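Following: one structure in structure tokens, then a few remarks.
A, B, C and D are the chain letters, set down in written order, and residue numbers restart from 1 in every chain.
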Amino acid sequence: MTTSQTTSQTTSQTTSSPRTKHEIAAAIAADVAAAFPRGAYANLGIGQPTLVADHLPPGSGVVLHTENGMLNMGPAATGDEVDPDLTNAGKIPVTELPGAAYFHHADSFAMMRGGHLDVCVLGAFQVSATGDLANWHTGAPDAIPAVGGAMDLAIGAKEVWVMMTLLTKDGTPKLVPECTYPLTGLGCVDRVYTDLGTFEITRDGVTVRDVAGTTVEALRDLLGPAVLPG
Amino acid sequence: MTTSQTTSQTTSQTTSSPRTKHEIAAAIAADVAAAFPRGAYANLGIGQPTLVADHLPPGSGVVLHTENGMLNMGPAATGDEVDPDLTNAGKIPVTELPGAAYFHHADSFAMMRGGHLDVCVLGAFQVSATGDLANWHTGAPDAIPAVGGAMDLAIGAKEVWVMMTLLTKDGTPKLVPECTYPLTGLGCVDRVYTDLGTFEITRDGVTVRDVAGTTVEALRDLLGPAVLPG
Amino acid sequence: MSVEVCTSYDEAVADVADGSTVLVGGFGMAGMPVHLIDALIRQGATDLTVVSNNAGNGDTGLAALLAAKRVRTVICSFPRQADSWVFDGLYRAGDIELEVVPQGNLAERMRAAGAGIGAFYCPTAVGTPLSEGKETREIDGRTYVLEYPIRGDVALIGAHLSDRMGNLVYRKTARNFGPVMATAARTVVAQVDCVVETGEIDPEHVVTPSIYVDRVVPAGAREEVPA
Amino acid sequence: MSVEVCTSYDEAVADVADGSTVLVGGFGMAGMPVHLIDALIRQGATDLTVVSNNAGNGDTGLAALLAAKRVRTVICSFPRQADSWVFDGLYRAGDIELEVVPQGNLAERMRAAGAGIGAFYCPTAVGTPLSEGKETREIDGRTYVLEYPIRGDVALIGAHLSDRMGNLVYRKTARNFGPVMATAARTVVAQVDCVVETGEIDPEHVVTPSIYVDRVVPAGAREEVPA
């Protein structure tokens, strides 16, 4: 088990006043962005993962895929750039970068499901110690199920990274021995970026990649031995 | 069983000297061309079926598909028109017509196998009374098998028409109770155009669509009751 | 063969039968054939199965078709949205059936229909509620779910240009489901920004070849208000 | 990410390992990556499985690779041609293995590899010698054969233009197997007529998106004669 005790650049400054939800998400997004391989082809899921794009260093060469049919998507469109025919998967107007390509939905998901994307970053309700992902459905009996591309993304990329707060609002861990929410994908998550640390999910179990403002021991106490054995 | 006794325009003039192989093929091709629905999307197999293109009336609106990735293929290229990047499935340089489209091999065969072509015209060694087609392999033990797109074409079009001489050089019928050569497709042939008549293959059996220089009775004698019952 | 260029949206959907499966293109508003949907509402076909990525937004388009009680079943990947109140109400009242399909399966199942594939083994949704009751198989150490084609009687799509043969090109991410749906339905109707002369679209740039397209309706076509 | 632009054909195929499965594009000479095949001959990798539509013509290209005894197995649709004497001789002598695959299956099996499909039910070859021993299934009254993906370690293809990211466009029917093979191999190498600046290919016209392409070699690159 390789455990790096270095705290990450951006999440280590948790000193005085509690951070806002947005600040926490931005810090996690910065951690994810810093870890991106140069020139990676990546899909950033709807919601918080889209923040990662704002933190990519200039010249990162990262090429963004959007599952509604485009490679090399640019930043959100503003003003005159807005074109109703050019949106991301969240239906937000975006721009195109030089070297972009358009393709239809079957080709787009073939690209994703064929394992050609280097990284996919997703939000999650829960991740299990064996990499199961739950992010599409709370399981509430009155909820209308809606999956979108979540299950395709979960199994499609070479690496699936989750970004989430480690705990729910009421303090319950979201990295769990076994998911209680309906699954999105089985054993598909490779890494989990959280506000309290980053975890790798390997065949041998969960390891701590780095911690943020806490210790590995404290994380063990939080998550329990079924998730983080000593 | 609907039997039309009208002889076809082009093959009825078999009067004096025996026709050459090419004249026979041209006559069959003219019959096929005359039967094409206006504006049909069609694939003409390698070899004699390509002759059909020469007999399409002006304004037929027929759009030719070639399985190496093109719709609205034009006639063979001559002189300066020859472009090594533009060939038909027989690897012969061809031309493009206005409104052509190029696509890759998987899209091209998806188009074919998905049943979007109206007609496919193929040559044959044998056709059975139930529409089985044998046209890819003589079954000779030393022959090197080579199928190309034959099996895809056989099952792909809305209608599969075969054009062939009705008899082999030694007088053996090629429309048979059951094929003896290795099959290309099962129950896939809808119509058989020959030098002696045109046959429809229906669920109820083989019927004569028209005869050329012979009679239905003579065809019955030739083919036997297993193929053409009274 | 020339495509049928319709002078009204209503003419283009006049023959949609009750009980049809209708594939409706678009992702959000991009590529959404709004005028054809409006015409379908005027036309009155009912008991429809609609296959589309979403289940209607706001009170127009697909949502209006649903509100008019013309749709028995929706097959889509993402019905629940901030402004999907029409669908939500019908669903909660038990007045509409829903099949939720992962977006990639939705696309690939229509592609299979268009390509003559009888069924395919797919890695998506293994071990999740959306594969419950479905056949699975392990191939080369990975588990797959068996998925079947989705065929349409009619596809209504949006495209940018058509030529007079029916070759289509799209604009940017408005391409989305259009090219796939065009292969998967018996009758394909496209609303387009403009119909150009045959030969004006470079054969290298055609996205949907003419063979797939039955009717096109250029922008500005008539909307016939029923008498 | 920028694609690797190689200055010699030999550099582009330097890492092809013995025992590799090599997908080779082209239909006849259209789209045939002749310079890459020549470099592969110079490179010396052996015990190869070659997947291509044909099994070589005349004495050059694939035929020369076969003649050099580098190929253990050919997977193709149409080995037998008027000028396929090299293959014919090796086959009759029992010096090469052959898997004959219907052309549509060849394309669709590579597409499946690229698209993450584990296997698919296909209507081609039902009841023929080429489906003997294969699993079949009746779906909706039609019989289908179960077909598995064909994956490549390397794909060698020909294209018209590449930009510096690796987006490819093709010319006319030289497109053929290139775009499919580019999705189905771990390493994809394209010989192209010209490498243009990123942004010079309209994003609407890209046929093979850059994600699939690892190396491109523009015409006029060096051919390194081994010392």
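As a working rule, a residue touches a chain if its C-beta (ideal position, glycine included) is under 8 Å from a C-beta of that chain, and two chains touch if they have at least 3 such contacts.
These figures come from a predicted structure and were not determined experimentally.
S.K.: Any chains in contact with both chain A and chain D?
M.R.: C
S.K.: Could you tell me the least number of steps, going only between chains that touch, from chain A to chain C?
M.R.: 1
S.K.: Determine, using the mean of C-alpha atoms as each chain's centre, which chain is farthest from chain A.
M.R.: The most remote chain is B.
S.K.: Calculate how many whole Å lie between the centre of chain C and the centre of chain D, each centre taken as the average of the chain's C-alpha atoms.
M.R.: Chain C and chain D have C-alpha centres separated by 34 Å.
S.K.: Can you work out the whole-Å distance between the CA centroids of chain A and chain B?
M.R.: The computed centroid separation for chain A versus chain B comes out at 56 Å.
S.K.: How far is the middle of chain B from the middle of chain C, if each middle is the mean of its Cα atoms, in Å?
M.R.: Their C-alpha centroids are separated by 35 Å.
S.K.: What are the residue numbers in chain A that touch two or more other chains?
M.R.: 70, 96, 102-103, 109-110, 113, 155-156
S.K.: Got the chain C residues that touch at least 2 other chains?
M.R.: 108, 111, 115-117, 122-123, 170-172, 203-204 - these are the residues of chain C that touch more than one other chain.
S.K.: Chain contact graph: line, ring, star, complete or other?
M.R.: Topology of touching chains reads as other, fitting no named class.
S.K.: Name the touching chain pairs, please: which are they?
M.R.: Per the contact definition above, the touching pairs are A-C, A-D, B-C, B-D, C-D.
S.K.: Please name which positions on chain A make contact with chain C in the complex.
M.R.: 66-70, 83-87, 91, 96, 102-106, 108-110, 112-113, 132, 137, 142-152, 155-156, 182-186
S.K.: Which residues, counting only chain D, touch chain C once they are in their complex?
M.R.: Listed in rising order, the residues are 108, 112, 115-123, 137, 139-140, 142, 144, 148, 169-172, 203-205.
S.K.: Show which residues of chain D lie in contact with chain A when the two form their complex.
M.R.: Touch residues, chain D against chain A: 1-2, 111, 113-116, 163-165, 167, 183, 198-199, 201, 203-204, 206, 209-212.
S.K.: Residues of chain A touching chain D in their complex?
M.R.: 38-41, 61-63, 65, 70-72, 96, 98-103, 109-111, 113-117, 155-156
S.K.: For chain C, which residues are in contact with chain A within the complex?
M.R.: Interface residues on the chain C side: 27-31, 77-81, 87-88, 91-92, 98, 100-108, 110-111, 122-130, 143, 170-180, 207.
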